[in-house]
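Chain nomenclature is as follows: A, B, C, D and E, assigned in order of appearance, with residue numbering initiated at 1 for each chain independently.
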């Protein structure tokens, strides 16, 4: 459809420049959706890996701006695999969109951030404050409510606002909100700019916190199980690589995310508790907890059988780090 | 959340025009009606007023209403048929029934009403602000050639900036909630308004100023008693256009941490994967937009404005 | 003082859009210039053309350019001062230098160019589509009173729907990438265009149709040789307005899974927490918008269109 | 002209016209000879334009019969030139039936010369003065195969001196290219200067209150005796000799 | 009037005017007596409007002196009524200096009666016919303390019969409320019907080619001998007796 005169002359997208070119061995292709957040870091890494290492499938990562758009794209089967917040995937399933969670994207990777100068030291201090969450259907929202219950806070003790993650640091800086709970790198940004401070790491409140998972349309699973297998393996291996080569990973995804490499590097290297890309096998136990909370909040209406939602058949037995070389 | 009395006060005018739908749309963007073959310059007044009366009543109001309703009904029927025969899956196009159901739901919960008030309030404030600043600025620029030349590029530049692009600044400068939404609505409607009023002033027949000079109007009198009434019909038209922009922008404006409003309703519906609710909100937005547009048209009937649409 | 402004006002229309960069703005929404004090009906042609020539050259081009540049420069200086004295923290307002740097960066990587082409392409396709469908529809509706009455409410309803609200449908119906973006641009620009052209047609002096009848024009000839050229000046104006909308909408339109484009650039900059890049993209969007607007103004110089802006 | 004596270009017999209840014309009888110049005057709103519309066949009379023999073209009071066409293209509208391109071009050249507008062929109407525009309109309706010209206050938008000149112009052009003309005007002097026959209409519902033949040669000086005499008579019929403002 | 004989309302001495190089008026000398009606005719573009602007003090002459004695009001060719004001409010513009509200209202009532527009006080200009609008303009400039009326082709946009009536109207109103009038027109018949003194201007750069006194009483019939004679003379001075279309 598009007239692209510049393809021949101008240098290509930075995203393409770091590639060594398409993997000539690959016979299949798949587009995977993601948002430019570190929870989805393995997606562009897999994209990169599939093109620079030997694999049977070429993975193209497609960046989106928000989850509702991702959902629409998934419903329209424009992407058949994508990273997505887990409760939203449950909601989708509940509404009869045949999606399955085949793998996780990461563990942890979220923090509750409060203003640096504020004297909020614990959950209890948040009483009467305004806190931003990325979406009602985010695990952050669920976990936050669990935490409130733990601290004996009532629903009306905290004022919640839904904000697009990129707007959270600015809102905190301007004093519009007192804190927020969201995935990286939107937490690190506030820290680096000097007005935010970590109140809790996600793993402090919820060990092995999950926010996003790899969601795959059932049609793809039925039609091309091999591709899905390749995808899950690719992500697992990318995760293993990123876990070990954190600085390189930051370097690699910066052009994909079009983000400041410094911020990403800070996220990945400053504090190992921030995020991890191993142990990504989804467990029914974790999901049941999430589901319980969703139903408790009234956001999920019915219990989707978890064995229908989770499909862990594609997870490889042993995961080796992907063989990725990043040129400096 | 909003004072009830204020709410009621705001609602009354809306009710008035809800029942006399969509006439006068023909005036949109066109201030002068066509000249016709007969030269009525010399016709006596009795004739003129009689002609006007007849033309006003020459076609029954009812037929004016029937046609649009038929069109709307056939749209709804088409929609029903499409969803009945499942041409699109229901997640791609909610059925009219589902939309109706969610409409009922929102109505009963009182949320829809609350959202309407919230949006109307934001649009009203943003729009009134841009009118309060834009009209005097437009009048001033229209009368000063140099200033006009100096500022039009700037005004034009800002006209092309999407409110979405302003969002980060809106948050930084105005935090979250009503204020940034109002700011975004202001940014979207202010520049087109100033440009339109400025152009309108530049087309005022010079003779009016000449007459004002003859009758020794002071420069303040000239502005308030000549320039302003002379462009009033075009100001109304410009206000309608810029109000239209303000209303369209409500969805973008309510992205920034609003907890209610019709635009927020659409975001929430999308986030909650409720396309039926989204459609319900779209319909409400469209109808309300149309309705308020009709309110503006009431102004064009005021005798000291109407001349601009008659000659 | 009045004498001078009256004279200037009289001289404006012709001069205004020949040389200066942004002047056609006065034409925005107004197609007829004012009548003036002197009755030039009977002036001989030599006089008329002489007057036109002199008025064209009466103010130097340079002064026309200098003022806007001064305004723009002072804006930039103000901005620099604000960031120099740290009135806002740098995360709240990127410095001009940072913006310049990111501009250079985007330029060198070729991404900015790529984004410009992508956005221009989408806007062009969406806009051309809405022109191709909107102009005939507007002409048709303008000439048929009943149809106009029947469809205006519907057109007006859709006019008020934000492209953001259409996004889910755009994706469901047109998938992701260029097509839904084009659809959104189309939806935003189509309805105002149809309404504007429709109103323009309704104001064509009846005499032209009478003459066409006298000279036995067929109905097809009447549409192509009378209706169309008669509203062409207003079509150009309407196209400018609706192009303006299309261009503003680019940011919303490129939310739908586009991988390039200026609007996408803004989203990416926001997601990437790069306010400097966002500002850089905003500036490019504003400037390109202005530039293309000027292109449209070139049409108004075509001799068989210009009459609509002269009399 | 005398040998065409018996050709009746336009014939109105017992014509009446109503606009949905508004009686406008009552029992008009009128015959226009080929080559004749008939001028119609009457109070405003009496139905002069309606009469022309009946003559051109644009509307049908409520009762009575209208017979037309020839191709009819009309000059209107308002500017009827298409502003998006040049002088040449506007004139060419009258030559639409001429297929021969060369012939058409020669004809256009002739007409432009006739109206003294050489050099303005490619100008647009808005670049011309009012008198020039009216001359182009004349050329347009005279072009080609037209037989009958209907003119509805063609000069009333011009100023007096231009109007005076345009009357002479019309006479001159019609000398070169004779046509049957029915001319409506408010200007009694104009009627007296131009007409072979003046038809004075009464107020609405209008009948013919007077038919007046003027037999002097054209062009006529506005202060010549025959013009003054005719003017006086028409003013008298219309009751305008010492009018009061009451019914303006 | 005779006892005001020696009051000169307007005095032009050796006045010349140029517009940035374009010589328009050359060495005009003119004195207008109180109560006199001076009509200025001349070819179009010769500088008649410029002359009025000089008389009203709106522009300063390039050389020479202009003296004005009294309050000046102008009626323009185009509709100068404010369309956003009613008839009454438009007329009240001329009474801005009258502080006494009751007096003002009585005066307005008088003026409305004078122009025969009772019942239309609250109509807006666009609801009136052309002739009615011009009468309102007359009332507006005559109202209050005005001494001198300048009229720049005030009736040229009207049709002939209305024009004819408006001339009588003007005469009648001026009988009731005498004013000094300088009246510009293209219409020679009009000049001859109205003027105490006709000033004929030449083509640009304009000087006065003829001053012509007409001493008959007003109102004058357009076909009366004095009017015809004056018309003939002016036509002669302007070279319009047998004009050709060449220079329209």
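Convention: contacts are C-beta pairs under 8 Å (C-beta built on N, C-alpha and C of every residue); 3 or more make two chains touch, one makes a residue touch a chain.
On a predicted model such as this, the values are computed, not experimentally measured, just so you know.
Report the connected components of the chain contact network with chain D omitted.
Take away chain D: still one piece.
Taking every chain's C-alpha mean, which one sits closest to the mean of all protein C-alpha atoms?
Central by C-alpha mean position: chain C.
In whole angstrom, how far does the Cα centroid of chain B sit from the Cα centroid of chain C?
Computed from C-alpha means, the inter-chain centre distance equals 19 Å.
Distance from the CA centroid of chain C to that of chain E, rounded to the nearest Å?
Centre separation, chain C to chain E: 46 Å.
Report, in whole Å, the distance between the mean C-alpha point of chain A and the mean C-alpha point of chain E.
Centre-to-centre distance between chain A and chain E: 84 Å.
What is the distance, in whole Å, between the centres of chain D and chain E, each centre taken as the mean of its C-alpha atoms?
That pair's centroid distance is 32 Å.
Could you list which residues of chain E touch at least two other chains?
Expected reply: 44, 58, 76, 78, 129, 131-132, 153, 156, 159, 161-162, 247-248.
Which chain C residues reach two or more other chains?
35, 37, 39, 41-44, 91-92, 167-168, 172, 205, 207, 210, 270
Would you mind listing the residues of chain A that make contact with two or more other chains?
68, 75-76, 164, 166-167, 170, 173-174, in rising order.
Can you name the residues of chain B that touch chain E in the complex?
39-45, 48-49, 205, 207-208, 210-211, 213-216, 226, 229-230, 232, 303-308, 310-311
Flag every residue of chain A that touches chain C in the complex, lowest number first.
1-6, 10-14, 33, 35-36, 62-66, 68-69, 72-73, 75-76, 78-79, 164-167, 169-170, 173-174, 185-186, 189, 193, 257-260, 263
What part of chain A is in contact with chain B in the complex they form?
Spelled out, the residues of chain A in touch with chain B are 67-68, 71, 75-76, 88, 91-92, 95-97, 132, 135-137, 161-164, 166-167, 170-171, 173-177, 299.
If you look only at chain E, which of its residues touch chain D in the complex?
Residues 43-44, 115-116, 129, 131-132, 135, 153, 156, 159-162, 164-166, 168-169, 172, 185-190, 219, 221-223, 228, 231-232, 235, 238, 240-248 of chain E touch chain D in their complex.
Spell out the part of chain B that touches chain C in their complex, as residue ranges.
21-22, 25-30, 32-37, 64, 67-68, 70-72, 75, 88, 91-93, 143, 145-146, 148-162, 164-165, 167-169, 172-173, 188, 192, 195-196, 198-200, 202-207, 209-210, 213, 234, 237-238, 241, 244, 247-252, 263, 266, 270, 275, 278, 281-282, 285-290, 293
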